[in-house]
Amino acid sequence: MYIEKSRVEWIKNLLPDTFLLRVYSPLIASKIKPGQFCNIKVSESDFPLLRRPFSICEVDGEFLHFMFDVHGEGTKILSNKQKDDVIDILGPLGNGFNYSGDYSTAIIAAGGIGIAPFPYLIQKLADDKKVISFFGGRSKNNVIEYGMKNLLISTDDGSIGFKGNVVQLIESQYSQFRNESVRIFACGPNPMLKALQEFSIKNNIECQISTESAMACGFGICQGCPIDNADGDGYYLICKDGPVFDAKMVRL
Amino acid sequence: MYIEKSRVEWIKNLLPDTFLLRVYSPLIASKIKPGQFCNIKVSESDFPLLRRPFSICEVDGEFLHFMFDVHGEGTKILSNKQKDDVIDILGPLGNGFNYSGDYSTAIIAAGGIGIAPFPYLIQKLADDKKVISFFGGRSKNNVIEYGMKNLLISTDDGSIGFKGNVVQLIESQYSQFRNESVRIFACGPNPMLKALQEFSIKNNIECQISTESAMACGFGICQGCPIDNADGDGYYLICKDGPVFDAKMVRL
Amino acid sequence: MSYTDLSVNIGKLHLKNPVLLASGTVGYGNEISKFTDLSKIGGIVTKSLSLKPRKGNPPQRIVETPSGMLNAIGLANVGVEAFIKEKIPFLKELNTTIICNIAASSIEEYVECTKILNPVDTINAFEINVSCPNVKEGGLIFGNDLNSVGRITEMVRSATNKPLIIKLSPNVSRISEFARIVKEEGGDAVSAINTLVGTSFDIWTRKPKIKNVTGGLSGPAIKPVALAKVLEIKRNVDIPIIGIGGIMNWMDTVEFMIAGATAVQLGTVNFINPNAGVEIVEGLHSYCEKQSIQKLSDLIGSFQL
Amino acid sequence: MSYTDLSVNIGKLHLKNPVLLASGTVGYGNEISKFTDLSKIGGIVTKSLSLKPRKGNPPQRIVETPSGMLNAIGLANVGVEAFIKEKIPFLKELNTTIICNIAASSIEEYVECTKILNPVDTINAFEINVSCPNVKEGGLIFGNDLNSVGRITEMVRSATNKPLIIKLSPNVSRISEFARIVKEEGGDAVSAINTLVGTSFDIWTRKPKIKNVTGGLSGPAIKPVALAKVLEIKRNVDIPIIGIGGIMNWMDTVEFMIAGATAVQLGTVNFINPNAGVEIVEGLHSYCEKQSIQKLSDLIGSFQL
């Protein structure tokens, strides 16, 4: 784990409020795995006070890519970075997706900005894995396709692709891969993860979900990021034990 | 008095840590007088919390110029502004220099960044006034000449001009204007103002000094900026009753 | 703009909206009126008055801190007499509710001030500052002593029939006990909170940055503390609460009302944005519209635990 | 680097420098040791331990506030037994002072924990957390009750000869009274301060942002309050003080020492810069050089009023 002062190479818009940020961060780049995240100090001053956690989106040699939505003050400051600004990045943090092993088809399930970790995962997936990607957004103005493979889209308003949410879309396509050995990788809002958890357990499909929580430290010292274990008799820490969990391990 | 969202036209260095800022601020520009100041919100967020007071340095049509030193976090943020950034300026505030009246020679006495209010004052002084300017700095690397007229310089280390402080320099030149009707306009660190106050009282010269204090509001509602009156039995508010005082009115 | 009813009642005091400007952060109204239309807000609370004029503490009186500021003004004020003569005529014309804040060094002085000010029609209510941490005459800080607060409430109550608000100190373990005694002694409402005691040192000179050594901490830094105090009172005592502490915008105002405040006061924000009060009133209107709230007062204490 | 002597003594506890990491913000040392060299700082204070393991509060446990954060972790900890078995072996190798923090729901539990932990050589001192605002068993918050604090000090004192530090609550009127009773009952030092009680609401759902409703406010926002509490103790009671609250850098550390702290603890800053402790030690060295201070301990309480 490193605290790396990283130079901004560029930042660009994917959507009006969605950005892709490229930073030079050779130490972290050499170690980080799909599904892990970094905790980023968005300003040099003490405002905002806490770091902001972001999934690794892509690694390109010694460069890291982060994809993020402008949400509040912290992400707004981040979106105003310019070439050669230096930002302080702490990572890699958490565990990542477990994508090795004996399955034939990787299903990517992304809700909104939950797509962020997948370009890197898709990069890293062995050539022999078949990839089907699903993206769910509110409407056609919210669709992100960056780094996806074999992409199917759902929108809440049906303005493009399937009308409904992404889990309904996956269910509607289930017959396609019912007989394959499948592993689902999912990231998105909690209700989506919950629906997918039920779906995967019911159909006995391996499913890994990337979860979120408010975080202070991101590496296990503040205990600020608990998530119920499946039995409900204890907590995991999302930053340390997650953010990726087997869907059977946690209670959402 | 206005709260004017003002567009930055340019910002440039006069010295490595001294900046000149030009903003489009037609309302304030139409009203502000030499020696008055504005209270500037240096960021859009609540950090830093308070506005920062700056003297008006120059007015050019509908544009205001401010001259400032980078001192702490607020002025650092201000120095990073770029063309077309918008800053929130409250002004004009305080009283200004009283430069009308019956005197022949205006002596400008500036200590370091205390030079800031004088370009505008010199602009405004009637053509029939003779101007002699004195600037005192630590060394030749700290000398600012912007907007001055008939400038004499002192430096603490003697690396340029008179070796000594600016009040000593003025005293050394006193014979020059002893027999003229003189008014001194001074701005700079407190010890300088104090020395000048003594000098002017002793020699019975009119002297107006621009004073400083920590400020919250800048317009008389917080009572945060008191300065002793000459009798020491009450306070003036620097923001409202000053920042310019007749040297005989206050106790420094 | 919508027709949402923003009015609230603090006991028998009716406010057209819950946005008040806090004592000591609006002077006597004249300076700030150059930046804002005081007739659009709920009211203003005047700078704390004492019987005689006070020149206040020597400089330095204020210093900025992370998301806050410390002040030790020392209750500089013109005294009740000059207030009535010089300030009331202006306040009279403002077309807004005027709450007169009184700070004193003895119970007798509180009563005396109230008696002198009570006949003045322009004054709609009294707020008694028992909690200024920056004056120490008599050595006692009334605000931290339950009996004193009870006694002051009782005595001032007997000197006026106007709405009586007691402004509480946050520098205590259980603020709700103070609210309870205010209620028992006939106070109509409590204001919470005044500033927290704080200090700051210059590490090069080793001197306190504020001449008075300690000052009162205000601003966004204290908002979470102020909200917790309001909530504590709301959950324990049935008395109207005026929430104060770190309010910068309409969102903060709504947050205080949800936590239990009937009205709020803006302090430090006035120094930064003297038009904040009017902007907050506008923000409350659109919030109510979005949330289909017909009467803003329905929001008071509407927290969902 | 200079040869300035940075060491300080807290009673009989010798620290190589005054920089400690605060309880609850460093776990049991292992995670943070990946970012920083713990042997270079004065010591660490372990997460509060209770007799039995505690799973802590449900999420959401933390929320950011202006220049601060609220937490209601609920003293999640492994319990004394697992601590001795699983955590002590790592702590033993750290080559830094280990202060073991204990939080309990009854006086008996405090004593029992101390007795079990006392024989462990690796533990150099105890810090008793009487002030956690986020647990409420028994209904009583010990830290706000003078008698409880006195009694806990007395009872724990009789259970150990190791240096005994009582961590005080800031949510009281006169913290120096608590420091005095600690001294009278044989405590070696006090830590000041723990977090301030605060809360925060979501204005759309009207729910508290923290599931526990209230949490503890920490970070730079509280620094002025913490400094004032340290100063109050210093001016009234002759007992070593460990200053805590909003320290971000060496300047803040110096400020606390000037105000009266013998040592300091870093809390929230560890989450943002886990190497802050080491950077502060370096900063203290160069400050002392610049100021020609031979022994850092000369700085303690050196304020010029």
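The letters A, B, C and D name the chains in turn, as written, and every chain counts its residues from 1.
Quick note on the criterion: a residue touches a chain if its C-beta (ideal position, glycine included) is under 8 Å from a C-beta of that chain, and two chains touch if they have at least 3 such contacts.
The model shown is predicted, which means the values in this text are computed figures rather than measured ones.
Participant: For subunit C and subunit D, what is the smallest step count along a path of chains that touch one another?
Facilitator: Minimal hop count between subunit C and subunit D: 1.
Participant: Name the chain whose C-alpha centroid is most distant from the C-alpha centroid of subunit D.
Facilitator: B
Participant: Starting from the mean Cα coordinates of subunit A and subunit B, work out the distance between those two points in Å.
Facilitator: 54
Participant: In angstrom, rounded to a whole number, how far apart do the mean CA points of subunit B and subunit C lie?
Facilitator: 36
Participant: Rounded to a whole Å, what is the gap between the Cα centroids of subunit A and subunit C?
Facilitator: Centre separation, subunit A to subunit C: 47 Å.
Participant: What parts of subunit B, by residue number, touch at least two of the other chains?
Facilitator: Each of 46-47 in subunit B touches at least two other chains.
Participant: Any chance you could list the residues of subunit C touching two or more other chains?
Facilitator: Residues 66-68, 219-220 of subunit C each touch two or more of the other chains.
Participant: Can you list the residues on subunit D that touch subunit A in the complex?
Facilitator: Touch residues, subunit D against subunit A: 24-27, 31-32, 34-35, 47, 55-56, 58-64, 67-69, 71, 73, 76, 219-220, 248, 268, 270-275.
Participant: Enumerate the contact residues on subunit D facing subunit C in the complex.
Facilitator: 65-68, 70, 144, 171-174, 196-201, 203-208, 213-215, 217, 219-225, 227-228, 231, 246, 251, 254-255, 258-259, 287, 291, 302-305
Participant: Which part of subunit B faces subunit C closely enough to touch in the complex?
Facilitator: Interface residues on subunit B, with respect to subunit C: 1, 3, 41, 46-51, 90, 213-228, 233-235, 240.
Participant: Could you list, by residue number, the parts of subunit A that touch subunit B in their complex?
Facilitator: 45-47, 73
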